[in-house]
Each structure stands twice: as C-alpha cells, then as structure tokens.
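Several structures are given next for inspection.
The following pair of complexes shares a single chain, chain A, combined with chain B in the former and chain C in the latter.
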Partner chain A sequence: MTTRQETLETLARIAGVDAATLAPEQHLVVDLGIDSPKALRLLVELEDRLDVEIEDEDAAGLKTVGDVLAYVARVGG
Partner chain B sequence: MKQPVPLAPHDPPPPGPLLAGPAPLPPASQRKRTPLRRAGYAVAAPLIHGVVRALWATARVRVVVGAEHLDAALAAHPACVPTLWHEELVAGCAFLVDAFRRRGRPLAFLVSPSVDGDLVEKVVLRAGGVVVRGSATRNGVKSLRDLYRLMRKQGASPFFTPDGPTGPAREAKAGALMLAQLAGMPLLPLSVRPRRAWRLRTWDRLLVPLPFTRVTVAFGPPRDVPADLAGDALELGATAELTSELEGLRALATR
Partner chain C sequence: MAAAALTEEQLADTPAGDAPLAAPRAQDLAFLQLTSGSTGTQRGVRITHGAVCANAAAIHDAIARAWGRDFLAESERVVSWLPLHHDMGLVGILLATIAGAFELTLMPPRAFLARPLTWLKALSGPTPVVSAAPNFAYHACVETLRDEDLAGLDLSGWHTALCGAEMVRPDTLARFAERFAPLGFDARALRPCYGLAEATLAVTFDVRDAGVRTAPVPGPARADVPREVACVGAPVRDTRVRIVGADGRELGEREVGRVHVAGPALFDGYWRDDAATAECLADGWLDTGDLGFLADGELHVTGREKDVLILRGHNVMPHELEWCAEEAGGGGGHARAGAFSVPGGPEGEVAVLAVETDAPPEQHAALTDAIRRAVADGLGLALHDLVLVRRGRLPKTTSGKVQRRELRRRYLAGELERLDDGTTMAPPR
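And then the complex of A and B:
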C-alpha cells in the first residue's frame, strides 16, 4: 500500500467514511466532520506514520483532503 | 446601518480550532539565555526545590475522599490525567509529585518554552518529574500531542489544570478531556486545598501553602472519555460536567 493510500485509509477511518468516497477538494471540517478531537488523532497518526513532527502552523494549512495528501507527499515521500 | 452579509450556503464555515492554527501569540519574553542566567538558574533550581520540599514536609496531608481512586486508575492503565484547578497548582504539584514518586510512576509537566521555563524545568526534573516544553497558548495542539506520546511511550501521567493557563478561573476547557480521550486513559479529577495559604493577586488567585498547614485532598473517580464523544457533547457538555465535578471536590476539600 502506498503512503497516499495509507493516508486516505487513515482519513477515512477517522472520519468514519469509505476511503473510496474521498476526493481532494473535500473540506476536512465541512465535508468530513473532522472536529477538534478527530483532528488531534489525525495529526498524531500522520506524525507516527511519517515519523515527523507537524508544527501547529503546518497543521493550520491542512484544510482539505488534497492539502493532507500534498503535505504527506512533501514530507513523507 | 450596514448589516453584516451572511455567508452563502456554499461558503465553508471557518475550520475547527485545531486546524485553524495556534491562537494569537502573547508578547514574547525579551529575556535571553545568557551564560549568567544559565548559571543563576543552575544555582537557584536546587535551592527552590529544597525550600519547597522543606516547606511541604511540614504540611499535614489528609485524603478525605476517594483515596482509592489514584491506585485504581494506575492499576488499570499505564497512566492517567490528574486534573485540578489552577489555583491549587502549588499544593497540587507537591502532593502529586510525592504520590507518584511513592508509586514509582512518572508525573509529567507542561512547562513554558520561555527562558523562565528553563528554571521551572530544572526544578521539576530535580523533583523527579518529566517535562514537555510547550505552551497551551503558543503551540497547544503540538503540546497535547507531545503529552500523549509521553503517556503512551513512557507511561507518564500529565498533570493538567483545565482552567489554565489564563482562565477564566474554575471554568474547565476541553484540553484535559481531549488528551484522556486520545490516549484512551482516564482523567482523574482532584482537589488539593491548604487550610492556611497566601492568596496571590493573580487571575487564578493562586494558593501558596503556609508552613505547617493542614492540606485536604479529595479525589473523584477516574473518568473515561469515550472515543466517540465529540462536538458540543465534548466541548460544552463534558467540560461543564468536569467543572461541576471539580467544584464539588473543591467544596469537599474545603470543609
């Protein structure tokens, strides 16, 4: 499984949706209902998976599924 | 008068607080980490630690309610989130450091990344605590994640004041609940009240115990935070319950 697929699976599990339904333009809060506790869990799981520390400023830029995928591609390869 | 224009239906509302970035920064300290300051802290830390230990040794501590709850929480989980009001910080720290040291379990503290925090870190390390450098106002989300890692990897229990760091006094916010939920470990509410204390003119009216005071402690039962608790149920409902519980324990420990 690629890092992109793993990220989508993680997002889908936390949001409680099917990974196949995720699209890059979906807003994490508006479309997927990622509230504060879910966002915290998402960041922890991304950090563990990518072995990086995500600064709060970087987390603030993660607004859509596409943002998360782009971030993962940039820092996680 | 011009009326505000409502958002169109397709305009997304502002994202939730965790993804909205850190809160506006308070003015940063202008202090520098000079060699002189480092040397001063190296001398001051053991002195402060010694004075606090000596003063605390004169206190007569009595747990009046829920003495079994700390052991129950630590028997069932590697760590917990001991939680009390910010005004009880001094006596709470001293009591919990002792309680966790006696049980051979690490207690973790969130210490400001400022230069002044260097001194606090040295004192906490001398007391046997574990330190995460971070700030609830500057990088609160990252600090929660660092505390979570300490819980999971080192079994350290992060000491939390849910009305900190700036109040309002005795109104819980959601951080402690979110940390307990994320870690899958219980929050442990308690109140630690010195009978005789100085009250500082700070936002929290901090209590500084006087020598030879009696200190009364009341524990509430360990509180699991369900993984699916979210939204208003967490950020309003559960925080209101926590406020109510801590106020109840405060009343029991003040009698």
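And then the complex of A and C:
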C-alpha cells in the first residue's frame, strides 16, 4: 500500500466513512467529525503506520484531508 | 484568605526553612477549582480542607460498600488517565487516593486519548483495581479497539469502573460490558455516579452492585428529555439530595425538578463572586442547575437547566461557541447567537448553535461553513447542527439576552423557523 493509500485508509477508519468518499478539500472537523480526541488517534496511528514523527506544531496546521496527504508525502514520502 | 499566588521565581527565592507547615483548619481554603470554559468568565469554586476530607472519606466509603467490603485497605490499586485539573481527576482520583494511601498508576490524558488500549493494559491483571472515566471513554474502548489488540488482557480485577462527569448512557455501558465480558470484565463493576465541582466532587454513587440500572422518566414524553435514564445511585455518606419544583417546594419520589445537594463537602462560595454564589447556594443547599428525580432514594439525572454544555466530560460555556459565530461574521455588529446541547452521540450530548442573520440565501452556505470552521479551529469541536434564523427570531429576554433554554425547547419541538433546510447537520458519527 502506498503512503497515500495508507493515510486515506487511516483517515476513513477514524472518521467512520468509506475511503473512496474522501476528498482533499474536506475539513477534518467540519466534514469528517474528527474532533480533538479523534485527531489525536489519527496522528498516533499515522505515526505508527508510516513510521514518522509528527510534531505538535505541524499537527496544528493540518485542517483538511489535503493538508494531511501533503504532510505525510513530505515527511514520510 | 490563606492563599497566595507565587511565580516560579518567587518560589525559588523562598527559603525552604525548617518551620513545620501549619496544619490547616477545616474551614481553610484548600484549592480553587475552575469550573468551565477556556476563556473569560471562569468561576473559581472555593473548596476547603474540610470539604476535601469529607468527600474523600465518602468516596472510600461508597467504593467499599459497592464492593461489599467494610473498608478499603492500603493495598488498593487505582489507575487513571483523567486530567488532574478536572474535579474527577483531582478529587476522585488524586486526593482520594492520597487520603487512602492507595497505590496509584497515573498516565497522561493524551496517552489514553491516543491509545485507549493503554488504559485497559494498565488495569489488566487479577489484582483488585479501581478506575473512573466519563461515558465517552467507555465508548472509545468499544469503538476503537480491535479484537487482536485485546489478546492477553485480563479485566477480572477491575471491581469498580466509575462512570460520571457527563451524562451516563446506559447503551454505551451495556456495549462495553458485553464487549469486555470475554476478558473477565464483570458488568456489575460499572458504577454510574454523579457529582460536580461545587460539591467538591461526589454526590451520588451506585453501590447496589447490580450493574447499570435504568428508570423511565416520569411525566409525559418530551422531545428534550430521554425516555429512560441511568440510575446514578444514592447520596454518598453525610450527603443529602432533594428535588425542588419551579415554585421552590420540595417534590416527592419520581417527580422531576432541580437537584439540590447538602452536606459537608459543599463549596463555600465562588472566588470573589458573591452574586454567583447567592444564585445557587442558600440555607446550606446547593442548587446544582441539573434536573432529575429520585426513585427509591436513588438519583436519576434527566437534564440540565444551567447554561453549560458538557462535551467529552469537558464543560463548554455557550458563549464560547457563540463568540465563534460572531467572529465568523454570523451576527454582524450585534451578534445574536445561541448555543445549547441536545441528547446524542457517544458523549451523551452534542452541540447545536443557532445564529441570526440578514444575509441573502445565496450566502448561507458560505456563512455556515465559516462558522463551522471557526468552531472547529477555535474549540476543536464539530457542531451537531447549525441553524440559521432571520434576525430577531431567537427568543430573548426584555434586556436582549438570548434565552438559551427556550431556544433549545423550540429547536427540539421543531418550532424554530430555520432559513436553511437542515441539510447542514453534521455527518453521523
């Protein structure tokens, strides 16, 4: 599985939606209901699955699905 | 007042000295518990040493009785991830554990939130153990843990699994009990409880050792009240609970009214806010602002009349949400927004925001999006529903304050004339 697929799968599982319905412009909280506890689970799962470390300052800037994909592409490439 | 705030530098300059600390008197202030909100109008709940001791002893007594023991031994084990600035973590876990000299395993809230399994692993084993958490934590365990995560866990030692700090949802706890029964978890360990910072913490505690019990809410069915609620138990030692009607008279069994509490663990007022104190404390009785009824001497909480939303065990003041709407331009110069919560979701309640606007229909989608994003970015919260209404349509007092309770009633009764078609509801979770 590619990093991108892996990320989408993780996002979908935490949001409780089908990965195929995810779109880059979707807002994590507004559109996917990923509130702060879920966001924390998302970060930890991404760290585990992609073997990257996500800094808190970086995490705060991740607002949309596209932000997350771009971020993991950069750090986990 | 025997309290002073010191900066770290001042503290470093303070000579350690050999003078023994003066033993506090029961009426001396032990700490100020900040009740709610991240901004502005926090209230400091004044808790005395006497109140802490009384409540810690009452908690020990309740756990022992529930578990069928005469008293708790020093070997008791307590496990918690609750934040220690929150009354349930500070009093129910930290201070009650110190008072009993029990063994304590603490983990940061973040450890649990990121990996709920960490909590269950710390609890695992045949030795008796006590832990406490709000409803959402039990939900998170059921929702997020996969079968393969659970291999090797033994929850047979967990004899007291307290559930409080937000509305207790019997369905969540039933699912938790069912899911973890194969790991040795005993459904009778689930003990709903009720408390609030103004009573130091614990007010009632289910000690029947019969698992989570529910009772139908008396009176005609109403949209804003669940049909059935969890029993949160009888008052803890030395504490009294009464239910009071709108006319101030005490009500009988199975009559819904305001929950009042009296006893040695009550706060002695809000910090420098006599007006707020006078609103809820009179003749030794605290008006909790919560609604409920007594059945066979046990409390059942049905809702809340005070203006606070309790989301994930965290108190959110309505104005925090309303300000987000204003910042997003919803209310213009004289922003009018009203926030309240309704039953739903794993946390037992979800947030709804109603906003007045003059904007033309074609701007409504952009406006709701902006408000939702402002709430998401400001508070990390997903609104369950965002209702736009025409300017002047929110119910207000003669002085122009939004009447949140009336707003909530109208919302639930479908009497709000919403400008949108309701398709802005959050995705189901």
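In this section, the second predicted complex is superposed on the first by the 77 of 77 C-alpha atoms of A that agree within 3 Å, B and C clash if a C-alpha of one lies under 4 Å from a C-alpha of the other, contacts with A are read in each partner's own complex, and residues count from 1 in each chain.
Note that a residue touches a chain if its C-beta (ideal position, glycine included) is under 8 Å from a C-beta of that chain, and two chains touch if they have at least 3 such contacts.
Just so it is clear, the structure is predicted and the values come from calculations on it, not from any experiment.
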Partner chain in contact with A:L62 - chain B first, chain C second, else both or neither: first
Which superposed partner A:E25 touches (first chain B, second chain C, both, neither): neither
Which of chain B and chain C A:E53 touches, first, second, both or neither: first
Partner chain(s) touched by A:V17 [first = chain B, second = chain C, both, neither]: second
Doubly contacted chain A residues - partners chain C and chain B: 27-30, 34-37, 39-41, 43-44, 63
Residue ranges of chain A touching chain B (in the complex, touch as defined): 27-30, 34-41, 43-44, 47, 53-57, 59-60, 62-63
Contact set on chain A toward chain C in their complex: 15-17, 27-37, 39-41, 43-44, 63
Chain C to chain A touching residues, read off their complex: 110, 113-115, 136, 140, 144, 312, 369, 372-373, 376-377, 380-382, 426-427, 429
Footprint of chain A on chain B - complex, ascending: 12-13, 15-22, 139-142, 144-145, 148, 174, 178, 181-182, 229-231, 234-235
